[in-house]
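In the two assemblies presented below, chain A is common to both, partnered first by chain B and then by chain C.
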Partner chain A sequence: MRIRTVALLLTLFGMLIVFNFAHAQNAPEASEKGKEVYENSCAHCHGTEGRGDGSAAENLLPKPRDFTRGLYKIRSTGTGELPTDQDLFDIITEGMPGSSMPPWDTALSANDRWEVVAYIKTFYDGFKEAETSPKQINLSGKVAYSEQSVETGKALYTELGCVECHGNIGRGDGTSAPDLTDEWGFQSWPANLTQGWNFRGGSDTEDIFKRFIGGLAGSAMPAFEGDSFPGFGLTAEESSRMIELDNKDEMTEAEEEESAQLYEKYDAAVDIALNLAEGTELSAEEQQIYDDAMRVVYEKSWHLANYVKSLMPEKRPEPAIGNNVLRSQYIQDELPPMDDAAWGTLEARYFPLVGQIVIEPRQFNPTIDAVNVKSFYNDTEVAFLFTWDDRTHTTDETDEETGKTLEDALAVQFPVKVPQGPTAPKPYFLWGGRLPVYLWHWKASAPEQVTELTAKGINNAEAQAAQGELHVQSTYTNGQYTLWVKRALKTEDKKDLQLEPGVFVPIAFSAWDGANGDVDTKRVMTSWYTFVLEPVPSSKRFIYPPLIALLSVGFLFGLRAFVQRRNSEEI
Partner chain B sequence: MKSYLLASLAILFACCCVGTAFAADSGSGEKEMLVFPEAYKAMNVSNGGTISGVVKFEGDVPEKKALEITKDEKVCGADEKFDESLIVGEGNALKNTIVYLIDISAGKDFDKKAKIEIDQMGCKFTPHIQIVPVGARLTMLNSDKIMHNVHIFSKINKPVNKAQPKARRKMPLQAVKKAEGPVEVKCDVHGWMSAWISYVPHPYFAVTNEKGEFTLEDVPAGDYKLGYWHEACGTNSEAPVAVTVAAGGTVTQDFTLKLK
Partner chain C sequence: MKKLSLFTICLIILVGSWVFLRFVVGGIISVPIPGSVIAMYMGLIIIAILVHISVEDSLFQEFRRPILETLVEDKRRNHRRVLVVLIPLLLLGYTYSIIAQRANPPGSPRDAHPSPPLELTYKDEVIGTMQDVVNPFRHYEKDDPEAFSAHVENGKRVYHQNCFYCHGDHLDGQGHFAPYLQPLPANFQDPGIIPNFQESFFFWRIAKGGPGLPAAGTPWDSAMPIWENTLTQDEIWDVILFLSHYTGYQFRTFGEAH
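Right after this comes the complex of A and B.
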């Protein structure tokens, strides 16, 4: 019985391997067809000669790939290797999240996509000159996700210096983040590791592992392949001992000796790795040392990939529409301040932000993904908690081109008067028009203050005469802003929005990342969403609608029972 | 859903409506490169000659540009750092000029014992200009006990982008196969760090010292073209200087360079 199971498993495994082989394809010879498809679909951004300098390239960041250098970020292959044909095909098919590269799975037939792969390869001679096919990263030693593995990965995250760019908890806010450029000298922001949906090459653990081992060619993200690991050639215990010794202020003679020996072993293994990379044949013994070293490195890399995976939610949150509408939760007591644990009991609503591209100056390269919102209210007040990720804390920087002051900011937008019913017109989503909007404008340079504005257009906003009705708290930690705003449900000011439980109120957001050049109309924003002070069944004022609902349901049940009885009687 | 629509619109918009200024840019940033012989044969050189000289700077010496240290201040900011693209010493001596033979096809072999290293110390690369023989390993040292990231912007050889974590005191890099240079080395962690590497096929390359001096020794007797490269002053590849070296003789050739 057991043998049969094993045999069956082996067969299945075999099939899997065969399937995988069948899956990886090679591109056909470059043809006129590929050129035609390329020029129709790709050249606008990537340029007719593949230099990444098409007519649309100027405003895009990340820049469209320059194909003439053979540098590809998303590969299944090791560092310094070209991508496989399948890699190129997959990128064209799936697109690159977080960049302007869309998926072409519906716009181009699979055949056309293969033709394009063949054509793209003609831009770089290295493809023709390559004598062997590119070496793929071995994924077979995958370490399953576990708390233990995540812990190990977390230690490596600091040890390897990931924090420098990706920040303490992965929000892309490391101290080196603002200064990174790519191979072509353009700004290159490190990934926010908590937002897997923006990863260019996907966010499966395998994807993360491949990016880590192979690097993102052309970007600032280095490859951590084999011999760049500290302690290459040492066991996990030995390398942590080596680092422990390194971190000592003073070593005893015995420790000096121990450290020197570890380094010697380490250097010898690196030497072997370089010999191999340079094409020297290894002895059996050297090969063994190399294989053992690589096993340790790969295992560590899986731990790291598991850790990075642990930083992000399983999938991108659903936007705050339909069932996810922002509902302010009623409480009887005083509303909780910003750092109160009560906020942890609410689930945030997710409002994706996109670049403002209707009015000059536009923002084509947003850096803020979304704003997350929670809300409580009581009989007299409402409080909101807004959080959004921003890699840099910018309060006072000068834009080199325009001389304008750049700083981080958020604006929350409501209509001045709530539209009566779902079909009634709302103000124009870009800060109003004929119908005015009521705004809360917060700026990082005055973090304890929110200005109330009335606007009749994006360039037609005015601070209200009566200010100071808002209570504000805010912080910036680990690449994330938190802003807390509290206001009375009803105010004396006619230009303010007045709030009432059970009424659906349009809400929209704008955000500015000063370090990304956001200022005035150059910003990220949402169109209108909805929020409501969720009525409370226990409160008498709101007992009727649920009661009516309950009664209707009761009536329907009754009706059903009646019909059923009648039917059964007929039979 | 609306917001995704807006995103798609953004992309569409970006793809349709914008100017072409960017296209004109590409290519103009190209650095001037060294010129290498098609082939080079190593042999014993006896009774070779010497070419030496001094490189001077001509023109107003711009004020030294202090570098802005934005992180790891304790290690990186211990002393003031200046931009090293132009270092003019006493008597207008120009440091860090590469002076080399453009067209030599046979001569001495590389000094196999020479250490080919660049140290990262105080968040600065030392030396600023490094000559690396083709086929030899360049070793990156890390004396700082903080993380650096060695990023070599090669175009002919494969670019290098390797993190050197704080525990990694010595990081040898894979030898390259093709002559190329100078290519810039940068550190992504400390954006101000910059140095230049030249992968060269023969040993007749010298880098001027603080006094602007250079010496090329053991040059087989013959006629040569003498070239130079300087980060801020460019090259003379278009019109190199002709020198004639006699067996056992010494040729003096000075240069006076201006900003590009």
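Right after this comes the complex of A and C.
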């Protein structure tokens, strides 16, 4: 009897496990040879001849890599070196986030990936001619993450000129950001260092370190070779002293002397590095100076990597899908203005944006990652805080092709009427259709103003007759827009959305980066998400639970009394 | 060692199964099981236990003995004290967590494959009835392999200039724009898709896109574009050839069971 029960249970578990695994598995792909794999899976982007000119390439930026020049961004090898086979295998396996280069981990077997590595190497003769295997970067001196290290890295970030491209705090908004092009002359936006999930080569500290030491060959990002480090050949203390002296308006005689000595040491080390680069044999003493200098450079690069790591959240935020909806929090008082500390107490909801490729003209290469949203409401009003990163502050530029005015903008979309029930029709997610949507349209050229629109289609939007119901504040700092909008929950205007606590309201976004050519339908967008004025938690929660606990105590005592009485009766 | 009482064994089985389902299968083997499925399995196990103990009177007596003992006997006084505090506390916590839970948005039910219209059209031009229209280039597969390849190749170009952003390089619905669209783009590598539909159905879906769906398919949510505005009829038929050629799945032909 007992055995039978156990057997029954075991069968149930067995069924459960088999059922779940049958879903999780994928059959391995049949193995084909390199050329075949390449022509099937890669040629439409990278071109049959490996020139990066496949049929899909026209619409893409960054462009698919041209394999004929042997320039690879993601390597474990030093500046100017070719990648190792393992590097190529890994990048094919993992893909390049933030670009259209997909991961092939599930679509191609490991065997096929090795075959295709061998094949793409045939496009560049340098691989055949290379006599020695490429020199790999030594990772052994890793400096552990610490506040101290981050501080040191931060100073280097300015000293090395990262700021000019990547901006003050890394949002890719440096002054030269809009003008960068890669080896092939294509626009090349500096990475937004606060979004590690879009790094081509991964955002582990080791990955970032390798990118500095080895450079991203072919890109606009320079390689930071040893002697480009300020104070090359000096110890950390010496180099900060050198900078300190440089920054003085007036030096004493002793300080002049000290500075001259430091420069002498620096120049000597740079000379040695140049000689080495030209192939000159170094004396033992020179080699020693060079090795010491490089040790300092490596250490500094680890600090820099730690600093970059400190700029980004640990992982990409979860999108506001499912139950993770945008909840506006109730407060009794006046709603906080844009720069109020109260906003810091809320956790933002993350709405990732994708290129609008549903309606012509399309945006295939978005530059805005996401919009983050927070919200408070009180008895009469609701306030939203929108933030999004944009490398450039564009208010009035002319598109060369179309002559249209380009500028940065954001639109927040609601239905005019909230659909009643889960199956009720919503307006079309892209600015409505048969059913209209209600929009807040903000533009960088009029930063204190939001226009209310009613739209029945992406090309069919109209400014409402009644404006001025919205209170607006906005700023652009360090590559990030912040927009604050406040409105009454209920308005007189029939074309406005009316808000009520506890009602789930569809919400969607569009954004434009003028510097990326975004205008009209060419933009980034989301599909429908959900927003709710979170009701104040019911006070029932303080009544029923204690009541139930009390009842259970009563029940237990009652049961005991019952059993006792019965026992005594039996006796 | 003291022999475990029947009640303890049942308790161990019950708690053990829950831990196994929730943490071993769901955590270590990492096949997360939805709460409702766990509840179903736990229900089955409780029924199995009840059946087991109620088969013979002696088993039932044995099962309830420790319960009765704990309720009244002096030697169990300490157990009793602990339980009279623990049980109400657990109930308190549980009811609080249920009442204080935030309301979540209702899921929107969606029929991913609602019935198509009877007539297949391109823009406003009628092509034929949904049942009868076939891919005009399909016959090349047998008649003229070279022409067939050219059409597949053209379909591949169309796909990689227009579709892979959403449907993925591998046609698996995992394009680089895909993860943030709701509903997700279709996965053509799913064996339940291509073999279940005629090519005319795909022509309809591609030509009319998300907005062309009937209400059951929630046309307002789908990011699937209307391709008749951008692609020619031939291009649509070619991309359909490419979809089945690349995945290796055959479209259903009229007359086969749905």
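Structure notes:
As a working rule, the second predicted complex is superposed on the first by the 490 of 571 C-alpha atoms of A that agree within 3 Å, B and C clash if a C-alpha of one lies under 4 Å from a C-alpha of the other, contacts with A are read in each partner's own complex, and residues count from 1 in each chain.
Please note the rule applied: a residue touches a chain if its C-beta (ideal position, glycine included) is under 8 Å from a C-beta of that chain, and two chains touch if they have at least 3 such contacts.
Owing to the predicted nature of the structure, the values given are computational and were not obtained by experimental measurement.
Looking at the shared chain after the overlay, A:427 reaches chain C, while chain B stays out of its contact range. In the superposition on chain A, A:231 makes contact with chain B only, not with chain C.
By the touch criterion stated above, A:504 is placed in contact with chain C alone, chain B being left untouched. Once the two complexes are laid over each other on the shared chain, residue contacts for A:526 go to chain B and to chain C alike. In the superposition on chain A, contact of A:78 is made with neither chain B nor chain C.
Of the two partner chains, chain C is the only one touched by A:535; chain B is not.
Applying the stated contact rule after C-alpha superposition, one finds that A:41 touches chain C and leaves chain B untouched.
When the shared chain is aligned, chain B comes close enough to touch A:278, but chain C does not. When the shared chain is aligned, chain C comes close enough to touch A:360, but chain B does not.
Shared contact residues of chain A, touching chain B in one structure and chain C in the other: 44-45, 54-56, 58-59, 100, 102, 319, 321, 352-355, 357, 364, 526-528. Taken in their complex, chain A has these residues touching chain C: 1-2, 5, 8-9, 12-13, 16-17, 20-21, 24, 41, 44-45, 54-56, 58-59, 99-100, 102, 106-107, 319, 321, 323, 325, 327, 352-355, 357-360, 364, 421-423, 425-429, 433, 435, 502, 504, 526-530, 532, 534-535, 537-538, 540-541, 544-546, 548-550, 552-553, 556-557, 559-560, 563-564, 567.
By the touch criterion given at the top, residues 44-45, 47, 51, 53-60, 69, 71, 79-80, 100, 102, 159-161, 164-165, 175-176, 179-181, 183, 185, 215, 217-218, 220-224, 228, 230-231, 242-243, 246, 263, 267, 270-271, 274, 277-278, 319, 321, 351-355, 357, 362, 364, 526-528 of chain A touch chain B in their complex.
By the touch rule above, chain C contacts chain A in their complex via residues 13, 17, 20-21, 25, 29, 31, 33, 37, 41, 44-45, 48-49, 52, 55, 68, 71-72, 80, 83-84, 87-89, 91-93, 95-96, 99-100, 102-109, 156-157, 160-162, 164-166, 168-170, 172, 174-177, 179-182, 209, 211, 215, 218-221, 223, 225, 229-230. Only residues 1-4, 6-7, 9-11, 13-16, 18-23, 25-26, 29, 70-72, 137, 145, 147, 149, 151, 153, 155, 158-159, 161-175, 188-191 of chain B touch chain A when the two sit together in their complex.
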